[in-house]
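Two complexes come next, and they have one chain in common, subunit A, joined by subunit B in the first and subunit C in the second.
On to the complex of A and B.
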């Protein structure tokens, strides 16, 4: 292909990637080393507020931001080095927890609590997504032709549902007097409070993610199964290979590049888990790194938001994703060079 | 497109309301962004009758309002605020003093509706809101219980109700992780005589009052649905309506829903009393809130004039008469219903509960409390460590926001 043609095809995509991905990333990177503050002054303010019958007036000293002549808040921006990272990581508190022997205290620090959950969430759901996806693909592949359409349609449904709605629907089955909870209570004759148990919430969040993502793995594997060499399969049968042997020695090796591909996508997505926290209101029990960034960015009633810490937390999340993607990426690279 | 649809909707509403009285024909575009609860719906509906009014009711308004009002020209002419959410607008100077407008159009306002900062009226309050004790009158009568006046009496009553087994849980609590649980702590903390921050903006919650508040909250949770960390005001309201709980310290603005026959199974059975005291001789353990209207600074004087005039039409006697159940109105002509008595008793108690402090420090403190408290209730952290963690989280945030050096 001529360079000019190539550039015409790729140009728009690169332009948009720079505009919407690279530029914000650079800006977040810079902001994570800066702190922008309003210039505040103390002022005596007399405030009269409404009571039911009378006004109550109080005089108090308030911190009020200074305004310039155009009515904008005067701010200062300082380079603070790694201060925001230190405030997110709280390494001194981690050190104190380790030296005092109370390792559990580390998990009371937001970042480490979020990291612990995000990692377990990502790594435990991964084998289930791949296993479930492969299992559904094999079942569909072996189903009779007339059944294939409906089975594919039903298997894809969880993937089509908007993530938060999917999470909410599972929440409603279990939280409070949800249908499934009521059944379980009747079955075991006890009183269940699913949302009161951290581990139960954690399990539901993982269950939801596997339920939601397995269809994606299924579609990819199903496509892959169509390309399995039938001659190899037949000769394996003649050699006396059992169903399991054929799966183990013919099908899985053939699908390996797809398994790596799904692993990559799933690690990336699950590490950025967010909908689960919102859908299951799990912030009392379990939070994810992405939710932590979001929480820091949310303005409070007085309009404060912790942009520097949010930027640091976002950069840490990105670094985490890069680290967690290393092993599968290196594998792909080796295969690529080898091939 | 959406805007045009909304305008069309507003116009058709105005037409269908045709005969209903708005004292004048409004010719200028007026728009309002406010919270989305029942009282705001009543007020904005009354404003829409004047014509050319575009009302946006959105529970996420607190995130949109500061930026929308900082734009020039402002994206809305009117804003609905509370004492919690007026702070950023005041700090950034994006709302205007209303004194001259009140002189022109505000003859019907009573003095306690005026929210004054350094002598300038910056907002006009329309209602007060507070958390107060709502209880099932029938259950209390059956069991021969008195209405609890202190939180210790609440615990005793809860024990009796639990023993009688008449409801699933004796108590409903609004302790959803985040804003709600922090507000419950605030109420209790103030009830035990605490102050959140010192004069130099350093935190002051790791105190006797803080420990007392946490201890009382923990004891209350033993009588509540164990899923209390996901239970917000709407959830408690529904528990009440479905007859699952016997009492709760709940927002006054939720009172009307108890007697709504289309949702509630306990119509006429719910009574309201003042918020309980945390300690003898103290104020009721709650905060006073007001909701009201502000006018944007970055609009022309003509627009401000029209907007304020429309707002006064929204806050008139006619609207209050038609919606007396929707809120504890401050507008003249309001006749309190039975369920409003509890909130009124709370607001007029001696000593009176303080208003929710509208300061930048309080915003940071509220967030810190909401994030750190759940670990105490899940048993991951002791009360002392939790209060220390709140102070630490607040200090970090205040340093980042430039309030502490």
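On to the complex of A and C.
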């Protein structure tokens, strides 16, 4: 294919990606070193209230945003270096916490709290997603043929459902006097309040994620199981391999590339977790890195968005993405050079 | 095919395997079934601590909203028959030549089927069953509490249909743009073995991993001030992009691009290059070969990728909630408004009803396109 034809085919897509992915990325990078603020003026304001005999007057200096001739607020943009990063990371507070020995205080700072939760969330859900996916795939593979269609249909539902709605549907089972909470209370004869307990909420968020992603792992493992070499299995039996040995030494190695694939996708997606916080309204207890940026982008009470701090936190989030992507990219590069 | 004796499983293993399967199916479906059951009950029943009350709904029943055994039997039969007919007839109805005609005729067929179903299920059936219930004796007595008041409140009083139509506009736009642009790129990338193509794919993979907030942090200032930024070029007509569905469509389609081109590329790679070469020998240009030879066999791949674009746009919370304002919000962010203000139990059940309303189209989607979804999920993976 000539370069010109290639460019014609790929051009529109590249244009979209440059305009809406690459350009914003650069601008976020720049914004994270800048702060845009309204220009303020100090004004002396004299306020007088009616009093007996004389008025009581007080003069105070107020800061008032400066307006241009159209009545818009004038803003300036300054380069502030790493100030926004410092505000997100709050290293001095971290230092104080370390030197005073109260390590737990670090987790009161939003960024470190989010980082702690995002990492535990990602790493703890990973083995469960793979385990559940593999177990479901083997069990479905084992089921009678006529059952497979409906079973796959039902299994796909948690995966296909809108993430926020999926999280809500589990929240409604547990929060307040949700039906499962009632059952648990009857079972253990105690009084439970799931929504008030940070760890319970954290567990529910992980449970939701496994419930949501396991079908994806299942479908992929199920497709992989169809291509297991039957001859290898038979020779394993002749060699006296038990059922578990066959799983351990034939099936799992065969599925290894798929396990790597799912691990990669899951790490990328769980690291970006966001909908859980919305669905479980957990912002008071557990937040994720992406939710932190989202929250900074939301207008506050005065209608201002903390764009620079959001950019800084977004750039810090990116570091994690780079680390996750490093091994697969290196492998791709090796394959490309070798092949 | 009989399984060899050595591969046969002992009874305990079979039992355990089936027990786990049933456990998983219950786990998968229970939360969804539960919100469905809650959404049709009066608040007292929906938040009752007895599971049976939530399903049967005595309080709802005592208010005179209920179905008799006869209603249930007829309703289930009509639902089942229409589901069967939909699965058997709707797919082949995509007649006509060319992509546009087929999609169009299929949409018309679906719409017609939907209208027919609504007419039969909601109008013909009650009209027939009303008199029947009166003469059927015990079979005609209401046994299952069921009320549609919350759906009525959500869709009519709270004007959820506005959010629905916004969702429809956004998803339709995203699917169209990302498929058009993505198919061209996917074909180009699949047929070019150059270094450039490799690098484009790697960069797309990196873009695929980016959290959307990173990008939105870049759009927000530009979109809010876009009228001023674009003024030098567009003059006084420069639009404020913030709150524009069109801007959101462009953003979502672009965020979707890396995924789309990877998936379509893997589908195109499955089509033998001999086809293109034969067409080229017969005197086609690359574009003609693509349009008249490759596209007709690419149907399944395009449908599958379209499904995933649809899901991404339909399920999106983050981008739409930040870039659209209240007046043209889509469904998923709109529901956040419900459960944030849920003060009374009625509000809560309305939130549940809204959630079920959002899920229903997805449910239909899986029903019709199960095969395509499975093939799409495995397309990228099996090749590694």
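Keep this in mind: the second predicted complex is superposed on the first by the 292 of 339 C-alpha atoms of A that agree within 3 Å, B and C clash if a C-alpha of one lies under 4 Å from a C-alpha of the other, contacts with A are read in each partner's own complex, and residues count from 1 in each chain.
We adopt the following convention: contacts are C-beta pairs under 8 Å (C-beta built on N, C-alpha and C of every residue); 3 or more make two chains touch, one makes a residue touch a chain.
All values derive from a computational prediction rather than experimental measurement.
Asks: Quick check for you: in the superposed arrangement, does A:5 touch first (subunit B), second (subunit C), both or neither?
Replies: second
Asks: Should A:281 be classified as contacting the first partner (subunit B), the second (subunit C), both, or neither?
Replies: both
Asks: Does subunit B (first) or subunit C (second) touch A:108, or do both, or does neither?
Replies: It touches subunit B, and subunit C stays clear.
Asks: With both complexes overlaid on chain A, does A:140 touch subunit B (first), subunit C (second), both or neither?
Replies: A:140 contacts subunit C only, not subunit B.
Asks: Touch test for A:198: subunit B only (first), subunit C only (second), both, or neither?
Replies: It touches subunit B, and subunit C stays clear.
Asks: Per the contact definition in the header, classify A:241: touching subunit B only (first), subunit C only (second), both, or neither.
Replies: Neither subunit B nor subunit C is touched by A:241.
Asks: Looking at subunit A, which partner touches more of its residues: subunit C or subunit B?
Replies: C
Asks: In the superposed arrangement, does A:179 touch subunit B (first), subunit C (second), both or neither?
Replies: In the superposed model, A:179 contacts subunit C only, not subunit B.
Asks: Applying the document's definition of touch, where does A:298 land relative to subunit B and subunit C: first, second, both, or neither?
Replies: A:298 sits against subunit B and subunit C alike.
Asks: Where does A:94 make contact in the superposed view: on subunit B (first), on subunit C (second), on both, or on neither?
Replies: neither
Asks: Mind sorting out which residues of subunit A both subunit B and subunit C touch, each in its own complex?
Replies: Touching subunit B in the first complex and subunit C in the second, residues 176, 281, 298 of subunit A appear in both lists.
Asks: List the residues on subunit A that touch subunit C in their complex, please.
Replies: 1, 3, 5-6, 8-10, 12-14, 16-17, 19-28, 31, 36, 132, 135-136, 138-140, 142-143, 149, 151-158, 160-166, 168-170, 172-173, 176-177, 179, 182-183, 211, 215-216, 219-220, 223-224, 227, 233-234, 237, 243, 257-258, 260-262, 268, 271-272, 274-275, 278, 281, 289-290, 293-294, 297-298, 305, 307, 310-311, 314-315, 317-318, 321, 324-325, 328-329, 332-333, 336
Asks: Where on subunit C does subunit A make contact in their complex?
Replies: 4, 6-7, 9, 13-14, 17-18, 20-21, 24-25, 27-32, 34-35, 38, 47, 49, 51, 54, 180-182, 184-185, 187-189, 191-192, 194, 196-198, 200, 202, 204-222, 250-251, 253-255, 257-258, 261, 286-287, 290, 311, 314-315, 317-318, 322, 332, 335-336, 339-340, 351-352, 355, 358-359, 362-363, 365-367, 370, 373-374, 377-378, 380-382, 384
Asks: Quick one: which bits of subunit A touch subunit B in the complex? Just the residue numbers, please.
Replies: Residue list for subunit A touching subunit B: 35, 37-40, 45-57, 61-65, 67, 71, 73, 76, 84, 87, 104, 107-108, 110, 175-176, 193-196, 198, 281, 283-285, 295, 298-304, 306, 308-309.
Asks: Please output the residues of subunit B touching subunit A within their complex, sorted ascending.
Replies: These residues of subunit B touch subunit A: 62-63, 66, 83-85, 87-88, 91-94, 111-119, 125, 128, 176-178, 199, 201, 225-230, 235, 288, 290, 292, 297, 328, 330, 343-344, 347-348, 352, 355, 358-364, 366-367, 371, 374-375, 377-378, 380-381, 385, 389, 396-397, 400-403.
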